[in-house]
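To keep things simple, chains are lettered A, B, C and D as they appear, and every chain counts its residues starting from 1.
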């Protein structure tokens, strides 16, 4: 009874919020630029510079990747750091503290249907899926500047491939586990690789993350500078991939450690 | 330009899902609906033209739903343990 | 009928989409404040972030613009959608994943310590006690 | 790296970042080496901060550092002027001393490798976030740094005492709402101007100040920054978070984590928005009301508690109110007062939390009723406590007096005597609750019993803990004695040129 009453209260509050904010938002919306208009300040000032110059300056056909990895590469560095930090915090909060008591291991051959996460069909199909996911992940990584995708998605896909391998069969078999600490170290190394990529130009007279001054090319011709931008973007994407992969593996390993699927 | 109409419909669906999650009773059901929410969000990003963001949202939606389900599993599992004792 | 649709679309372009986005934002914030269950609070937090991300993407739209993936080297500014909000929101979306991960970890720890994730039970047990 | 001097602004942040990223792998081989890496990196960061501040003062111009070599509206830039040079130095000093201070606690708890390395990584990440927050010149970059600060803060609060996780979870909820409000505010600004660089925003906003978009944006930013700096009606997360955080990291969380958002708010409201416009005056009045209620509420609430950390936490709510009051006054003296209060209160509150941690370390004391006669065993700690408390109350030779003095001058110049009355009243209340602590300290009966510590030290505390205490005492006294030089030599020109234009 009491629960029903509180739910009614909740619903009433919800309706009030929707109506109140709706009426207020109609007024606010009128001041915001009309959707689809190309001449608003948001669409015409800095954005046009990116669109017209990105390919020329960075040789990255995906303009979003160009902005993300080159023009605003510093943001992306700290975005990677945020992910690493979240893995670190998860680890600090959960690792080694009052684990769930593991159920005694039953004779697994007898109830293999209940023991595994998936069952036989998943067990058979994942063997086909995992290599494809891996290949797709690597494709997304190296193709990120031409088509959609980039380091983050690639890292997540590779981590997903590992996780399928981890979740579906190995609760029965217990093989192929990356330790939590190892995963965390992999993640930190990925982020550190990003930082190193940023520091290298500083030895060559450039600013932090200034890919045009990467100490790889010898000539200062325009073509080689564009190639240096490509190299720089690729390097940081690799760093992001490694970091994201490590982070997702670390978090899920920590969490899986506390979970029983034997119910 | 019927795209805006589509956007509006998707947004209304998202508001409905948000209300359902807030008012719903069962946690697991809320998680499954939340998965639908991130699917609609992905569609919305695609409609708007942000294909990169949609790709990321698809990946993140999957991962965060897995997080939520594992968390519920671990929380539920322990409660079952407590009751057994 | 088509006239009605045209009017509706004009309304949506002018203010309707913003209105719906802000309503979604408000509903999510309301859920974060009013829901008693911490898991639901986390879901509402995610929804709030989605609404903000969508808010940024809305005013990057352009009539007649296509995806910001260039086909050739000569580009005109009108032909492509504004790429800057997309790049910003990619960052924001990843940050939101990080926050969710931390939130879930804390949730499990709270479950370990208090044995529940309902807010009234926790505050009743002495969460607010000095 | 032929010219290190060119890269100082980014090196200040990069050194702790490298330290924190290398800490897990180095700790894998040797725990102490990982810890020392972080501490060394933080120390080098202080050196860079000092060098860059000297460079700013001698040349008299702001340093602009273009990250990635892209010019400002296209790329991200760091802007270092006299104002944030001081704030960066403050953050670097407190991060270093806190990292040093943490090492004895680790032996006390006998924690394993991962937790030790993770603790130092999080501490250094907090430092990175705060340093970035105060040096960046890009609005969206500020959001990213804000999240770095917040997430490392959640971690450091959650690994604290038993109620840490719940305090941390509440902070996570509130803090995320704050960050989203900030992002919404940036969204409105971006919709109105099309740029994210702060200097460029200021240029393009002239003449737009009465537009409803800007009003909405300012409202969102007040809520966002207000949550992050625990301004009065939005302070809900703060007392629990500050009381239950890890005792070694608490000085940093309580000392600077709520001050740097206040500094960022100053940058937004005075450098980007036109503070003379009619709309902003209304907002400043609103902030003033929040500040006054916050000051009185925090001081009164602090009287009610017996837990040392709770008293300090509620006192922080009041002290943040002073900073907000400085913004509300809005003239030269008000800004000077706010900036000086950011710096001096960071040292004072960090010092008080250092003493709180020392008491926990040696006696396990949480409650002020157990403080009796502790001063005989811990003279330096008691001295620090007394000096910081006197400075908090606002007695003349110490740093806390001067910030209140400038705030009062500003209020008088503006003709607002109500603020002066509030300042005096709250100083009296502060005197009451700090003298309560000191009375217990010097006149109470002896009740506390020493804990058994893992290692004996020659002094009352290990030297790693004494050094931060002495640093804070020195800073509070020096800031008081050389106040005129700091104001005239460093802050004055910058405030006239950058803030009040």
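The rule is short, and it goes like this: a residue touches a chain if its C-beta (ideal position, glycine included) is under 8 Å from a C-beta of that chain, and two chains touch if they have at least 3 such contacts.
Values in this document were obtained by computation on a predicted structure and should not be read as measured data.
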item: Comparison of C-D and A-C (more C-beta pairs in contact); value: A-C
item: Of all other chains, the one whose Cα centre sits farthest from chain D; value: B
item: Where chain A and chain C are represented by their mean Cα positions, the distance between them in whole Å; value: 17
item: Centre distance in Å when chain C and chain D are each reduced to the mean of their C-alpha atoms; value: 29
item: Euclidean distance of C-alpha centroids - chain B vs chain D, Å; value: 37
item: Where chain B and chain C are represented by their mean Cα positions, the distance between them in whole Å; value: 11
item: Interface hub residues of chain A, defined as touching at least two other chains; value: 10, 14, 18, 28, 32-33, 35-36, 40, 42-44, 46-47, 50, 62, 64, 72, 75, 79, 82, 85-86, 89, 93, 148, 152, 251, 255, 258
item: For chain B, residues that touch 2 or more chains besides their own; value: 1, 4, 15, 19, 22, 51-52, 56, 60, 63, 67, 71, 74, 78
item: Set of chain C residues in contact with two or more other chains; value: 12-13, 16-17, 23, 25, 27, 30, 34-35, 58-61, 63, 65, 68-69, 85-86, 88, 90-91, 94-95, 97-99, 101-102, 104, 106-109
item: Touch-based graph of the chains, sorted into line, ring, star, complete or other; value: other
item: Listing of all chain pairs that touch each other, if any do; value: A-B, A-C, A-D, B-C, C-D
item: Chain D contact footprint on chain A (complex, rising order); value: 28, 31-33, 40-47, 49-50, 70-75, 78-79, 81-82, 84-86, 88-89, 91-93, 95-96, 180-181, 184-185, 188-189, 191-192, 195, 198-199, 202-203, 205-213
item: Footprint of chain A on chain D - complex, ascending; value: 1-2, 7, 10, 14, 17-18, 21-25, 28, 65-70, 73-76, 112-115, 118-119, 121-122, 125, 128, 132, 140-141, 144-145, 147-148, 151-152, 154-155, 158-159, 165, 188, 190-196, 204, 211-213, 216
item: Residues on chain B engaged by chain C in the complex (per definition of touch); value: 1-2, 4-5, 7-8, 11-12, 14-15, 18-19, 21-22, 27, 30-31, 34, 37-38, 41, 44-45, 48-53, 56-57, 60, 63-64, 67-68, 71-72, 74-75, 78, 82
item: Residue ranges of chain B touching chain A (in the complex, touch as defined); value: 1, 4, 15, 19, 22-23, 51-52, 55-56, 59-60, 62-63, 66-67, 70-71, 73-74, 77-78, 80-81
item: Partner chain A, residues of chain C touching it in the complex; value: 12-19, 22-23, 25-27, 30, 34-36, 58-65, 68-71, 73, 75-80, 82-88, 90-91, 94-95, 97-99, 101-102, 104-106, 108-109, 112
